[in-house]
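Labels A, B and C are assigned to the chains in the order they are written; within every chain, residues are numbered from 1.
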């Protein structure tokens, strides 16, 4: 009798908490998207009327469109490179023991603790010294460093999950190590790799602070452009651009989800 | 839209953007030259593009590229890349001028190179031959007349007891917007070297202060959502709020108004000093000078004749008003920055 | 990766460490060696109290994330795949949002004429709108929203590895759900909880945009002080010293957590089970 009560209490409170959590997580995004369809001149909630005019303005605004392109391009590159590097080092950490391993792990997670502005200026100084500030590399490398902790965490978790029996069996069948990785390990941890790619993409796509120092040759990423824009103008254009950002990231996630199924993410 | 289609369109757009400029303006004076300027973003850059860049392109085939960002990040970028500067022209407000001069990254601009320099109003050029001021904005008390029936008249009025929990002031880290502190000091017998009276008023105003706005946009939102009814704000922004239907009144304190100018600088080691001077000349011309006032209702810095519709909206719209503009010892203001920020933070922190 | 991290992280960090010993308040330049910046930080009660508050805030945010994130992560892990799909997306979505946008959304929710106020006034719970923004709780709520996904995902990934058979066995032994949780699930999920806690804590203590925009400068956190010191005051040495204090204390906290849980958490070795 008593245990039933406790069970019920837990089920009810659990449901309440979940309800609250999903609301909290989704609400800000929903509000922004709703207010972007306003037909008025100001960003307000509830929006005054419905129109697509602010989306049309974004579409006609070269600055935002080229920034969207730069951001997408950089984020895709970062995701790809982060995957390769993240897999190689996570594999090494998980499967081998070598001197300095603990150091390497600590190192891989430390970008989370360094304040972004410090990382940004540090990288700026470094690349200015190397004479590389006119190129895309500082931006790419800066975002890579930011993405590594998430990528490593995800890949490490999937590697730890995976049974090594299969790899050993393949080895016994005289497969070369490369064959084993390509035919066995990679396909098995594919979901982990893809969610790592999502993390890398969104880290790069949304970053402002580090990017602000590393923009190059007149190219600006979308979040930096938004930040500068709201400094002098404040209208629903920002909500529209932000909604487009949500749309892009959501479509990236959905594409990946189509490929592997969300239940296998994370 | 499918991701692939998006990429296709984006690629096509990028290719188009690259190909287009080569078509015209072959034989013009600055054909093929592109000047790089740090941008303030949004409507500001847009205004300059329309009234300064477009005529220059028409006349000389000169191209100008704005890169939007925050001035401090751009300044740090500029100083880190002194030897190979990422900009040819640099826009900066008065306090950043101090840092630019300290870092020695900007060139003097003389009347011989930019004849329109002689049109700049007396007292508006604060750094000798360095930089040309092209817009002036003032930090003034403002209030919402729908809720505040007794008008504010001075900076010190933010401490009035009837404004409890309804006042916003700019955060102390914003060097320019913080000039209101100087107003508080000078209205109460202090000066730039004796800021104590200002801190006293601030402490008295503490129960009134809801928030210290970290960014102009944040402050806009607060006024617009009627989160606050009174405070210290920019004259141009107060006008913008009025156009959005918020009945904000701009107060002109009789003891003086504190203003900051936006300067255009020519960067040392630019490859195109002549083109940069042409830009400055156009910026100070009638058309160029009215760009920012028309878009944002900030004041002018030259003897340009104001059209009537602008005149009624601008703060400095007559010689008497212009005379209210206080001279500011920027070097001192910047030197005291850290202690000032710390002091204000300590007073206002909950 | 080693090269990348050493080049792009260790070198800037060493540069940072070096700069923190510079005298004066220059930007990117200067020479000499002094402990002044640190002395100044630790001798002023304002800074030390901000440091302590930042850590307390970070701890509370992590705790809230744990309390509400654990049930969510658990239920996600136990849901059938089809039901899990959209919920996972909702969890991941905040990670993809630019902070500027998130903050705008919260202004609508917590503002004086915002959602929460209208709701409370309509329901008659409060007579007139209250100020929620620009207070410490508001900053913490927004931090929780931003970093909750990390907790949920970490918890979810360990729970999926705990065999549901264990729970059924416990139920057969007439343990109620609370006992099952306390005796079986939570001990097994400790590694995931710690990873999540760790991530949320570290992210919260270095947050700076949220305290700046939602806190309206009256709620000060170390991250925003560092940002201001460098970006507004252009005082690189002092900002560097503060950043280093934050870095070292953050590392110390992480190390303490890891010591508690043994080495198996981050290595991902030993399949998380005990």
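As a convention for this text, contacts are C-beta pairs under 8 Å (C-beta built on N, C-alpha and C of every residue); 3 or more make two chains touch, one makes a residue touch a chain.
Please read these numbers as outputs of a predicted model, since none were measured by experiment.
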| item | value |
| --- | --- |
| Chain pair with more C-beta contacts, B-C versus A-C | A-C |
| Longest centre-to-centre distance from subunit C, chain (CA-based) | B |
| Distance from subunit C to subunit B - Cα centre to Cα centre, in angstrom | 35 |
| For subunit A paired with subunit C, centre-to-centre distance based on mean C-alpha positions, whole Å | 16 |
| Residue list for subunit C, restricted to those that touch at least two other chains | 28, 114, 231 |
| Interface hub residues of subunit A, defined as touching at least two other chains | 121, 125, 227, 230 |
| Residue numbers of subunit B (touch at least two other chains) | 70, 73, 76, 80, 215, 221 |
| Footprint of subunit B on subunit A - complex, ascending | 41-42, 44, 62-63, 65-66, 68-69, 72, 120-121, 124-125, 128, 131, 133-134, 212-213, 215, 218-220, 224-225, 227-234, 248, 251-252, 255 |
| Subunit B residues within the subunit C interface of the complex | 70, 72-73, 75-76, 79-80, 99, 103, 165, 171-175, 209-215, 218, 221, 225-227, 337-338, 341-342, 345-346, 348-350 |
| In the complex, subunit C residues that touch subunit B | 25, 27-28, 46, 107, 111-114, 131, 133-136, 212-213, 216-220, 228, 231-235, 238 |
| Residue ranges of subunit C in contact with subunit A within the complex | 1-2, 4-13, 15-16, 28, 68-69, 71-72, 75, 81, 84-102, 104-106, 108-109, 114, 141, 144-145, 148-149, 152-153, 156-157, 161, 174-178, 181, 195, 199, 202-203, 206, 208-209, 223, 226-227, 230-231, 236, 239-240, 243, 246-247, 250-251, 254, 263, 266-272 |
| Residues of subunit B defined as touching subunit A within the complex | 3, 6-7, 10, 13-14, 17, 36, 39-45, 65, 67-70, 73, 76-77, 80-81, 84, 86, 215-217, 220-221, 224, 244, 296 |
